[in-house]
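Read through the structures below before going on.
Each of the next two complexes has chain A plus one other chain: chain B in the first, chain C in the second.
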Partner chain A sequence: MAVSYQAVGWNAFKKRYDTIMASGIVAFLVSFVGAGSFLHPEMSLEILLMRGIGVSAFLLLHLILVIGPLARLDRRWLPLLYNRRHMGVTLFLLAFAHGVIATLTYHVGSDMNPILSVFTTDAGARMTAVPFQAFGFLALAILFVMASTSHDFWLANLTAPLWKTLHMSVYLAYGLLIAHVVFGVLQAERSPVYPLLVGLGILAVAGLHLLSGWRGRDLDRSPAFDEKSGYLAICRVDSLVENQPLGAIVNGERVAVLRYEGDKVSCVSGVCQHQNGPLAEGRFVSGCLTCPWHGYQYRPADGTSPAPFTERIPTFDVRIEAGMVWVRSTSNPAGTYTVPAAIDHVRGGRLNE
Partner chain B sequence: MSELLLLLGMYGLVGILFAIPFVLLGVRSIDPAASQGTVGFKILILPGCVLFWPWLLARWIRRKPPSEEWSAHRQGASGKAGRKGE
Partner chain C sequence: MSEDPFFIGWEASPERQTSSWRISLWGSLVLCVMLGLLLAGLQTNPGKGIFAFGEIHRYRGLLISDPVPFLVSKESGGHVYLLVNPLKYGFSVDLAREHHLQQVSLQGSLIDDGRNGMIEVFPGSISNELGSGEVPRPALSSAGTHLQLRGEIVDSKCHLGVMNPGRFKPHRACAIQCIAGGIPPMLVVQTSNGALRHYLLVGPKGETINQTLLEFVAEPVSIRGTYRTIAGLHLLYADPNSIERL
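Right after this comes the complex of A and B.
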């Protein structure tokens, strides 16, 4: 959270995160080039480096894609999600380096424009009918758009829903890169190990997404609606765990219902203003509902970030009746204070507003 | 194909010519949070400004601040959404 823009809001965690990521990539590249020059002494250093950088980018993309579902399945993965944007920018830089080396190696030196040559000339692969380099180029273009709009300035100016839609194109880039690998390097390999590894990668990405979707299916069920009162029955009072938000669907979008400070119950939109993070999967920290993705905070009663921050999300009227938590189906404007419903301990939360 | 590349190149060139004065002068008029933006921030948003220059130029001319983001709940609060939970 910041009130004015800076390049990167560094903190100790981000520095540690980036150090580990950079060290891992360097270690991988050194190992790849070292092992490659031993196993394939005929291969030049630039080819080994190009392949090593390409493989590291491909692996990093898999990691980026599985962090989301892994964090939904097990909260211990959340720290990896926190700084995923740096992984995305690193992925673009690696892919760009791979593309530059490949273009310099295979497409510079003739009369043809090197970019045009990428789309029309074979770079040594055997399945020449399929333009595998074009797949890689288009994926790189998508990664460029994503990396160049990764800063919060773009998030605020494009608005989170549009920004999110734009960044969902990572799945298109992933598909293009699978085609780039399958129709490119795999055509030149005889070992079954490489296709097997690519298959396992696809299986991991698809499988984890399906599994996390399956596990979260209860959250997307509609609660019962009372036409007369305009309220939805969200859950039983005794099923609310203090300081642990509960998600439900209201008006087609998730809300976060929170029991806090003993007997208070409030409800806010479950969509974080920053990157539309899932607030219902967050925590109650220092009097605020805290987004699990990047720590954006909102007071549960008024959906407002503590000063000096200015983010605000819609709130919902809540009442407790017959042991049930009821939420009004119509939201209040972002930042509207709503009186928290109180759980009547004497009557065991049976009837109170 | 070569014509398309030429067009893209021209788009990028105009984008570069636009992006430099925009990050130095224009960005603060479309986003108040950018008025005290650091040099590093301005460098980081440069590539995106090259990419989205027509849209940013239109906003710079109109001095249009960031839009309030849309969501079903925000729209619901202004009385436009259906009442029933889906």
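Right after this comes the complex of A and C.
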């Protein structure tokens, strides 16, 4: 969390994160180019570099895409998610380098404009003529937009929902890059290992997303609704684990119901104002509901970040009846204080039963 | 990964994460190195050609302009070099005709795949070479053989060594631009034992058919024509109407 914009809000973990990422990329490039030069000494260096950088970008994109579902399936992956934006910017830089080398190698040196050449020199409906270059160019354009708007400045000014929607285009970029690889270099390479690895990558990305969605399917079930009071029955009081929020859907919105400080129950929006992170998967830490993605914090009673931070999220009125937690179906404006419902310990959380 | 089941990045203590940090660092390094070795090692053989970029030598011999510009060398026992210009351009047709059947001296960089030689001619370096023993004019084989060949159309400059690999789909755009720029097109035919044979492609009367071939570049094609040789160059006098995608 930060109260003012900085180019990068460095901390010890981010530095280590980036060190590991940079070391991995350098190790991959050195081994790829080194082994390629040794095994195929006639191969043009620019092509070897172009391939090595392109493959490293493609692998990094897969890692970026699986971090989200992995972290939802197992909290031990959350540290990888914390600094994912640096991975995204690094991905763009690698993809850009790949594109520049490919353009200089294949498209510069004739009468035709190199960019025009990218779009016109391969076209057709046949497998051997599908325009793989244009797919790569369009994916690079998407990655550029994402990288250039990755900073919190853009997140705050575009608003989280719009920013999130914009950054979901990474899946479009992924599809374009799959086409770029399948209709491009896979048409030239003979080893079955390459298409096998691409297939495994697609399976991993799609499979992990489906699995994490399947695990969260209970969240999408509509709770019982009392028309007279306008409240929804969310869960039994005794099913709430202290300091661990429970996710639910209220009137189409994701909410986080939290039992904390022994006998209090509050409900706030389940969507973090920062990057729309899943607050229901967070924890109650230091008096605040804490987002699992980047550690943004909100007080459960008023949905407001502790000073000097200014983030606010909507709150929901809560009451406990017949051992059930009920949440009003309409939210209060962001930052509105609501009295936490109290659990009757004497009756084991079965107040008014 | 953190030992803490709930990770908060901004409060993560480096001291608490020393072991996981080291495991992550070394694990990612080992994984990346292994992936790099595997993916680099599985690449298809790119070819054996060389391009002596930046190494400019003088060549002397007889210049022939048709059906493709080439030089029959005086120094290396009549070795034949195809002639091309820098970048994605063929040798100037006008310049070739101007020096056709003349003893010339020119400077350029060697492109060679071990069987076929080519010179990227340094601009403005060509001049007539008078006296000092003439190179005889090579003869075109008189009786041509009619062939139907299956292979891939490439540009001879990249394929002979400027780019390794200079074939297949990723190289298609480059090959199209090179052939459009006048570099002699070449049909690469893979024999049953995996060896490659190269045929320079010209029209039925020896004319240039580069523009006609552009839409077929870097795709598997079948093509019919008359096979002839001149000074060791393999030529297919091809009928453009016979080209079929396979």
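Here is the rule we use: the second predicted complex is superposed on the first by the 344 of 353 C-alpha atoms of A that agree within 3 Å, B and C clash if a C-alpha of one lies under 4 Å from a C-alpha of the other, contacts with A are read in each partner's own complex, and residues count from 1 in each chain.
Simple rule for what comes next: a contact is a pair of C-beta atoms (placed from the backbone, for glycine too) under 8 Å apart; a residue touches a chain by one contact, two chains touch by 3 or more.
No experiment lies behind these values; they were computed from the predicted model shown.
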Contacts of A:T338 with chain B and chain C, given as first, second, both or neither: neither
Touching partner for A:W77 - first (chain B), second (chain C), both, neither: second
Partner chain(s) touched by A:Q273 [first = chain B, second = chain C, both, neither]: first
Chain A residues touched by each partner, larger count belonging to chain B or chain C: C
Chain B versus chain C as contact partner of A:S23, first or second or both or neither: second
Touched partner set for A:I249, first chain B, second chain C, both or neither: first
Which superposed partner A:N157 touches (first chain B, second chain C, both, neither): first
Touched partner set for A:G230, first chain B, second chain C, both or neither: first
Touching partner for A:L39 - first (chain B), second (chain C), both, neither: second
Of all residues in chain B, those that touch chain A in their complex: 1-2, 5, 27, 30-31, 33-41, 43-45, 47-48, 50-52, 66-74, 76-79, 81-86
Residues of chain A touching chain C in the complex: 1, 11-14, 16, 19-21, 23-25, 27-36, 39-40, 42-44, 47-48, 51-52, 55, 59, 75-80, 82-83, 105-107, 109-112, 117-118, 121-122, 126, 128-129, 132-133, 183-185, 187-191, 193-194, 282-283, 285, 290, 292, 294-295
Contact set on chain C toward chain A in their complex: 1-2, 5-14, 17, 21, 24-25, 28-29, 31-50, 87-89, 162-165, 167-174, 176-178, 180-181, 218-220, 245
Residue ranges of chain A touching chain B (in the complex, touch as defined): 2-8, 113, 115-116, 119-120, 144-145, 147-149, 151, 153-154, 156-157, 159-161, 222-223, 225, 227, 230, 232, 249-253, 255, 269, 271, 273, 276, 313-314, 329-334, 336
